[in-house]
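Should a chain be cited, it is by its letter among A, B and C, assigned in written order, with residues numbered from 1 in that chain.
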């Protein structure tokens, strides 16, 4: 087993791959969070058309394999619009849409967790609907959303590995490249698996800690 | 009740701990065939735990339990054989929700004792007659009231032809109106000469049906004897305190 | 602009049914096997022995935190390195099973926990052996409790099966990619493949809802005063 060979010579590639993975997943989480928040508000809108669209949106992205989204945003868009998207853009698009459908659910639950009593008190003091959201609902909802948002980040980190298929050089792709050079598959993938595990398991523990902390406050 | 026959159950020096807490502290008790022993006392003093040591649902840390002269050892292969002759009725009924009342009663005799379906079904229907639930045999537990469920549970225990019946607070989870139905069935069983150990707060039942009352407190048997003695003229101060506070309310 | 033209994909249509069957077959196999894995896993996690509990817990945590693609690569390339050359299809089945098995373990464990100690005690007090307890009392009840998360898990397996195309399995996704690349009608191929996955996923969803309605009509709650 050429363990030392892999780690010593290629640790820089593992590191950059890891950082790339963390970065693109974070980007997708942020963008997806914004998009998801919009969808969540559409879902709770008084206009039926918006509600139905939002429902269809989330159901669609939960019924399509992530791989299809990556292929679609890389090859599909390139063929259809005759543009050449680079892997980074395609990967970000695909991950953002996936994350947004998950975040839509998270944000919706977060907002709904703020009891109607709060709404009544706020509107009774003559706040507009927007003001109620801004000063009363969103601050509270944000705290509730943090633990499940951690879960979405973990999910996005895992999905980002599929970006390797369209050539984006994140952790998985780095591993594949190293594998081609050294010829040892098992060791490389074991290292990569360990990296993913440590990151995601650590995050899940943080998420659990956050959840416990907020449970006491509420 | 013959006092010179072999006791059906011997509890000798039983010690039971939950972690650092000692729940049963050197308990000695024998039960004769045909006897109705009623265990009373404040909540959480080990009465239910003692019952559960009898059929091996709880492990003991000291002493021994002998049922029909066979040792009861929890989590052993032999305890399964012992359980074929002991029936238990729980406070929360614990009927199997995915089976009809009839199914509940027939399951163990068929699968555990290996008896044929026709024999078991005939016995089951007879038992439903005995607990006065003939027309509810095909209902699911979810469709039955608490008192009905408990009577089905009694029938389920009887279906195995046990030589000892254990009742763990059988009426504590019931509406006051249905308590009487279940107690009536239990009284019928007592009159038939069945050996019963009953943990209950129903002092009226204890006095009326019990052959022997056992008062337990803090994991020990404080006093035991005939109902008139223990309930009406207790010797121990704790016994007196308990019954006077109960009967006052 | 882009000329939408579905007829361009006609020549590839005869391969599509096989692709769909491959996806369904792969998914069904993985689901079945993962149920077995989940049963074993949940028994491990609720065992009296610390070592089994730890093994079960480790399995669940590891497989839930590693991307499915990495598991597939580990099985496909990793085993080949040791000398075990297995097909893409088999690797995908194994990887999907291992992955889904971890989630299945948790689902079944949750179901077992929801059943309540009383059921175990009643069954044991009637002299049932542990096997009998599980067979006649526990497992018949578990499905009623977990059918909803189980349904979601099945959808997850169907969608996850798409990754099998990366190791050469000719499923719906690989069909789409082949057709799209060769005919330059990627968008059309994407829409068709997407619709198929949508139908499959929503089909399972409808099954799940239907199961719920059916079970509700059976009125099986245990306690009612």
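We adopt the following convention: contacts are C-beta pairs under 8 Å (C-beta built on N, C-alpha and C of every residue); 3 or more make two chains touch, one makes a residue touch a chain.
If you're wondering where the values come from, they're calculated on a predicted model, not measured in any experiment.
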Chain hops separating chain B from chain A, counting only touching neighbours: 2
Chain nearest the global centroid, as defined over all protein CA atoms shown: C
Per contact tally, chains sharing the most pairs are A-C
With chain centres set to the mean of the C-alpha atoms, which chain is at the far end from chain A? B
Hey, how far is the Cα centre of chain A from the one of chain B, in Å? 57
Between chain B and chain C, what is the separation of their C-alpha centroids in Å? 45
Chain-centre distance (mean CA atoms) for chain A and chain C, in whole Å, is 22
List, in ascending order, every residue of chain A touching at least 2 other chains. none
In the complex formed with chain C, which residues of chain B make contact? 55, 57, 80-84, 86-88, 90, 92-98, 107-108, 111-112, 140-146, 149, 156-157, 160, 173-175
Note: in the complex, chain C contacts chain B through residues 118-119, 121-129, 132, 136-137, 140-141, 144, 218-225
Partner chain C, residues of chain A touching it in the complex: 59-60, 62-68, 71-72, 75-76, 78-82, 154, 157-162, 164-165, 172, 175-176, 179, 184-186, 189-190, 192-193, 196-197, 200-201, 204
In the complex formed with chain A, which residues of chain C make contact? 2, 61-62, 65-71, 73-74, 77-78, 80-82, 155, 159-163, 165-166, 173, 176-177, 180-181, 184-187, 190, 193-194, 197-198, 200-202
